[in-house]
């Protein structure tokens, strides 16, 4: 696949083409108000840092009704749960950052795992075309390179867009993306070298990435049993803000809500930081205190997911948990401690 | 698209109170749509999410055997919101089951081997399924000696009385049922499961053990088997953890990188040795 | 010497003494955060670790949060509000007075990072805190001075008890608090119509994620099982239903009534910047009006909801 | 609005107002039937979440009634309750629940007439507020074809 370019004066037409037959979502608003919103083609903003929350709610809303039943015995299907459908719709999302797209690709392997396919997720992701916007000026809390990604990363995207002066470069990554770009009337251009140059500069701005490879090779139980978890978790409030903001956190709870006429089974985001998350009916809790719960979160991101996903880490370096944590528990510091554990075991 | 969250509608055909404290009831379900029974093709050791409309779901091991057609059985302990609600339901009520979920006991890999089945309390459910499956005339010749050790606190807390009494009369399975303390007119063994295991457990050669029971029973039975010479690969256990989706997605039942629901619940002791004890 | 540096040095000195003399087994303080405008609660147990303790304009989390149920002797670094929370916990029997040593810091207010970002939207890579009344934020190609009193947290602007007078020691000169908090904003709100007030509060919490960070950051919220986690019956749905969210905030407000010291940790912790203290402030005003009570101002005061007067006024009861 | 019949959840202390309601009944004092009564051992048992739950689930009004101060069966339960009532009352009013939707009263078991008058008064005031549309959960939408 070749690259393409959209000249500054053709940008609105490009976004019109993206929006044709689909809803076009792009980041709108500033700071903590920045989120993906439906955007008229002439109102797309390329000057944003990143959305306040990760884009996972597009495919995995915080609250989603899965199925419903009614209790009217005089009508068919009383007390039988019926699917409410997966509610997907054709979407074009422009401006997802590579870290977040990678997060979606990691969650995608959970929602479509080796045994089961989550139809609610699949129904949405299959109808979405994701156009990422590369980061040419990463934020201070960004560390995608340290986690094996890049400000120009391609995982999870259909098209990678990047700023080429005042123009917009496009690199289609999937057949779906290729089709979209071709339909937009963008001109082909050989930009492979330009991308390399821009990427190198963007990576450089994150400094020399720390090396966490030790974790990948370390024994799981050695990492798990290391005494540092007690100190790592000591100041944690167990609030779970990190999990709500994380682009790869995908845990949920399933709950029934009822009314006079029947009920709805819905799923809601849940957090491994909560005591309730793992407690058994008997009262036994496999992760009874915050130390176990904090350990679970970081082990999941940095060891369990890589084991299950061919070495890809469950953290993409978006930096949200670092920025949002009320007590500044920094996953980079934790990864460093785990790396030290690994080194001392080796 | 197939919806793995959507339960098959079932009707409660029969409810049987299993124990004298009435905390365990066995529910016999019939599928509302007969074609769902085929889709619900399971093997011993798998579980399902029992779905009560408006209350929620609970993961429960399947107590019936695939050889028993026309119905499925689940024995449910009264513990939380859903199970308590189920204990107040009656025959004819409609609810749902979702599954089968998890992996079965690896019986296909155990062909030609002796099997010792050790159960404690109400954890016997999936092992009832296993024994019923193994004792089919067509299946039984594939396996060597079968030994069944089953314990509970008192006679009134033993499940499936008619069945194990019938098994006891057969000569193709050795049955040892035990209670914690002597009671009058008790014609079987007395003592804790580990002690009985020590006494009657077959030699480890060409033998696999399936164990399911409360943590304290497993804690003390495991050394007995080790002492008898059982390799950890041949000690097979079934775990439980809090679950919601049963599909390896919702994230709460993991033991290290493995999800008890999707990758388990059946693990060998050798596998568990390499995993955190978060269960 | 800049005041912050001076306080930092005194905290370290005091912490080392306390650990060496056995007066404390652990000193809970703050260390510098890993990104600009943050600090991280830190548990110093050795002299070396004491050298990581700092004082800053961003020491916002209330360390009393870590006290309940703690065994052994503990020292904590405390602003005026934090010390009041700790004293409140002593009166609520969450920690023994004899096990607690308060290193009191006369506080000139903590900075609301959202207000800083509102003044300087470019990515901030460094903050300089050497001046007493301003900070300097720096990033790629810029350096901006910001007056501290323009970016103070709401609760710090109206704080009366800045100096923790009941602390075991003070590290720094006493500072004067604001004049009494007049609750002008709340009074103005209460003057509106019920429909306007309902609209205001519903709008206030519309972004709430129900992460409960406000609860977890609160030194008053130490219940073993919070009402939001109760399952039988389950009082709150787990969806983002606006009424469930409202119920959470109302009950949180009620549970904190007569106990809240306006430390602002809840608002600091909120990831979507909800002014969650509005509910607490309504309750504080009510408590002050009815029982003339403010928490954490003496070691032996009884919390207002554990006691009563036979002639308590309640004219609305018919 | 005149044919609006409010649904009101009433929390009555077992030792007084609940008895007053009984006495009103046997004395043939008629009062409007808009109440669903929840009997409490003491108004001190009233957890604020009960009130929230009632409103959330669609109650148009809530009425809490217990023993006169000084008459508590448990000596001080209603003194403690009174302080909590102050907070609940102020908080709900502050966030915009119309004051007339929430009533607190003291009615002893002998005061059947006061009970009757209060019941009428509560219903009248809640009626004037109209249905509770602001402080309640929205009706769950099932989204099923059978029960549109």
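Going by the order they are written in, the chains are A, B, C and D; count residues from 1 in each one.
Assume a contact is a pair of C-beta atoms (placed from the backbone, for glycine too) under 8 Å apart; a residue touches a chain by one contact, two chains touch by 3 or more.
Computed from a predicted structure; not experimentally measured.
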Per the touch definition, the chains contacting both chain A and chain D are C
Separation of the C-alpha centres, chain B versus chain C, in whole Å, is 51
What is the distance, in whole Å, between the centres of chain B and chain D, each centre taken as the mean of its C-alpha atoms?
50
How many angstrom lie between the CA centroids of chain C and chain D, rounded to a whole number?
36
Roughly how far is chain A from chain B, going centre to centre by Cα mean, in whole Å?
38
Flagged in chain B as touching 2+ other chains are 80
Using the touch definition from the top, which residues of chain C touch two or more other chains?
231, 237, 241
Where in chain A do residues touch two or more other chains at once?
69, 82, 253, 255, 257-258, 262-263, 270
The chain pairs that touch are A-B, A-C, A-D, B-C, C-D
As the complex stands, chain B meets chain A at residues 1-7, 9, 32, 51, 53-58, 79-80, 83, 93-96, 240-242, 244-245, 247-257, 262, 274-279
Listed in rising order, chain A residues that touch chain D in their complex are 65, 68-70, 72, 75-77, 82, 84, 257-259, 261-264
Could you pull out which chain C residues touch chain A in their complex?
33-36, 38-43, 61, 65-66, 114, 117-118, 121, 123-125, 139-140, 209, 211-213, 215-217, 225, 229, 231, 237-241, 265, 268-269, 271-273
Could you please specify the touching residues of chain D with respect to chain A in the complex?
139-144, 146-147
Could you pull out which chain B residues touch chain C in their complex?
80-81
